[in-house]
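Labels A, B, C and D are assigned to the chains in the order they are written; within every chain, residues are numbered from 1.
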Amino acid sequence: MKPFSPSDPNFETRIRASAGMQGVLSTLGAELELVHAGEAHLTALYDARFSQQDGFLHAGIVTTLMDSACGYAAFTLMPAASRVLSVEFKVNLLSPARGPRFRAEGRVIKHGRTLTVCEGKLFSIEKEEETLCAIMQATMICIRGE
Amino acid sequence: MKPFSPSDPNFETRIRASAGMQGVLSTLGAELELVHAGEAHLTALYDARFSQQDGFLHAGIVTTLMDSACGYAAFTLMPAASRVLSVEFKVNLLSPARGPRFRAEGRVIKHGRTLTVCEGKLFSIEKEEETLCAIMQATMICIRGE
Amino acid sequence: MKPFSPSDPNFETRIRASAGMQGVLSTLGAELELVHAGEAHLTALYDARFSQQDGFLHAGIVTTLMDSACGYAAFTLMPAASRVLSVEFKVNLLSPARGPRFRAEGRVIKHGRTLTVCEGKLFSIEKEEETLCAIMQATMICIRGE
Amino acid sequence: MKPFSPSDPNFETRIRASAGMQGVLSTLGAELELVHAGEAHLTALYDARFSQQDGFLHAGIVTTLMDSACGYAAFTLMPAASRVLSVEFKVNLLSPARGPRFRAEGRVIKHGRTLTVCEGKLFSIEKEEETLCAIMQATMICIRGE
């Protein structure tokens, strides 16, 4: 794949500002670990407040982290005066999201003027071991001129 | 569609017990509004702690509610000694999830011994008006003998 | 749901012309059975040339029929000078597509200026009995001004 | 990722026999180019009989090739006495499938006793240039004892 050429060189500042406005990320204690052109990573710690019935992180919270990582990955390539919204996503759950740490990775697969297709991954991290818990295929839309 | 014939007549008790063990539902303040054979509804109120950057309920939280409703809809038809897990789901986001109230509906489309396919809907409710905000197509798996 | 108000009153003529240009529909022997505002149905007969290893209609051909039905359902609501393309779709396979007849139904769930979300169904028909074989959740895009 | 350990050392023979029974693959002129543990590739040539209205390969046929590649990738890891069926898949369409040649790649992401999750890719090939046209996220099921 060719490297991406973001039209807005200050994309990281813009994305960190946007992340600061997502109530859910602060509630989850999620942090932006990496913001590169076409890629973004979020990390979070396990929290029993967001568990499903077996004590693992709920699939919807796993989705929240991956969707946010994919949205920011797409947003790195969008113009300075734009917003990003999720159009749709598809998630396969592969392994229980045990924690105690998680990293959600979002990557742009195809960037278009209006739509950007991303893939997401959610890793559960225990000591040095990383387990792929879920994968996402997502479409993001760029809302311009705002 | 033919009506469903649950093998466990006490499915509602079983599902309310399972819902009580989901940390995320209590954190979201979600309640089981309806549990019928092949169908389950959850309700919740808007909470800024779970918002995205524009102040609407985050797509991942919308997903959490629909996934839970679909999981419980499927679980109504599973045996007494079983667990339900999400295999995968796909979500299309149609309208901003403004609130102040939400209702997630899950319905079984096809029930099988191992896999059950469901569809989910998320409505935003303001006074008497309901707006369809998101739809889900999901696969649930029955883990037996536990 | 409110009834749809197509901007192009001649949508059926436009759609039948478009269907006539799809090589795959003529190869499959598929016919447009119904074209209403926000809805389109295609019918086809079983053909062993398009089977999978057990002799049923291949999931990809089931998809072809549902995708076309969804695309035309969306296209009914698009302007006269526009084209429709599939952005993405998700399919769950519920029952073997035995035939001998099939009907694919596409319906618009949410119509937007750029994106239209549809749901599709594929029924296998034997004598008077209809079996739901597959469901689709799809996003279509309107390409304007051509 | 760890390398896969197929339980059936003769998986390639088994898969080539299964592919020979898929009417749709012979109709599409598709050939199994590669069969490794956890991975399978199919190739096909452009054929106007399977086009959509703009003359590109129809999204449903693109899906047929990716679904078959994913199914065979999963099937490499299943027991000798088993069958593989598609449970569901999700496709994002990225670029027009122009041809004149296509290669569909399927890879196992997570192999389980019952369910196997795969990702698929469809490349359009013109001379030395390969363009990623579509991606798939799919779930396959193993039917045992037959």
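By definition in this document, a residue touches a chain if its C-beta (ideal position, glycine included) is under 8 Å from a C-beta of that chain, and two chains touch if they have at least 3 such contacts.
Predicted model, so just to flag it, every value in this text is computed and none were measured.
Enquirer: Tell me which has more C-beta contacts between its two chains, A-D or C-D.
Expert: Of A-D and C-D, more C-beta pairs in contact link C-D.
Enquirer: Among all other chains, pick the one whose mean CA position is farthest from the mean CA position of chain B.
Expert: D
Enquirer: Please tell me the distance, in whole Å, between the geometric centres of chain A and chain D computed from their C-alpha atoms.
Expert: That pair's centroid distance is 28 Å.
Enquirer: Report the inter-chain centroid distance for chain B and chain D in whole angstrom, where each centroid is the mean of the CA atoms.
Expert: 32
Enquirer: When the C-alpha atoms of chain C and chain D are each averaged to a single point, how far apart are the two points in Å?
Expert: For chain C versus chain D, the centre distance works out to 23 Å.
Enquirer: Which chain A residues reach two or more other chains?
Expert: 87-88, 90, 92, 117, 139, in rising order.
Enquirer: Show which residues of chain D lie in contact with chain A when the two form their complex.
Expert: Its residues touching chain A are 90, 92, 94-95, 109-110, 117, 119, 132, 135, 137, 139.
Enquirer: Tell me, which parts of chain A touch chain B in their complex?
Expert: 18-19, 21-24, 27, 48-54, 58-61, 63-65, 67-68, 83, 85-93
Enquirer: Show which residues of chain A lie in contact with chain C when the two form their complex.
Expert: 87-88, 90, 114-115, 117, 139, 141
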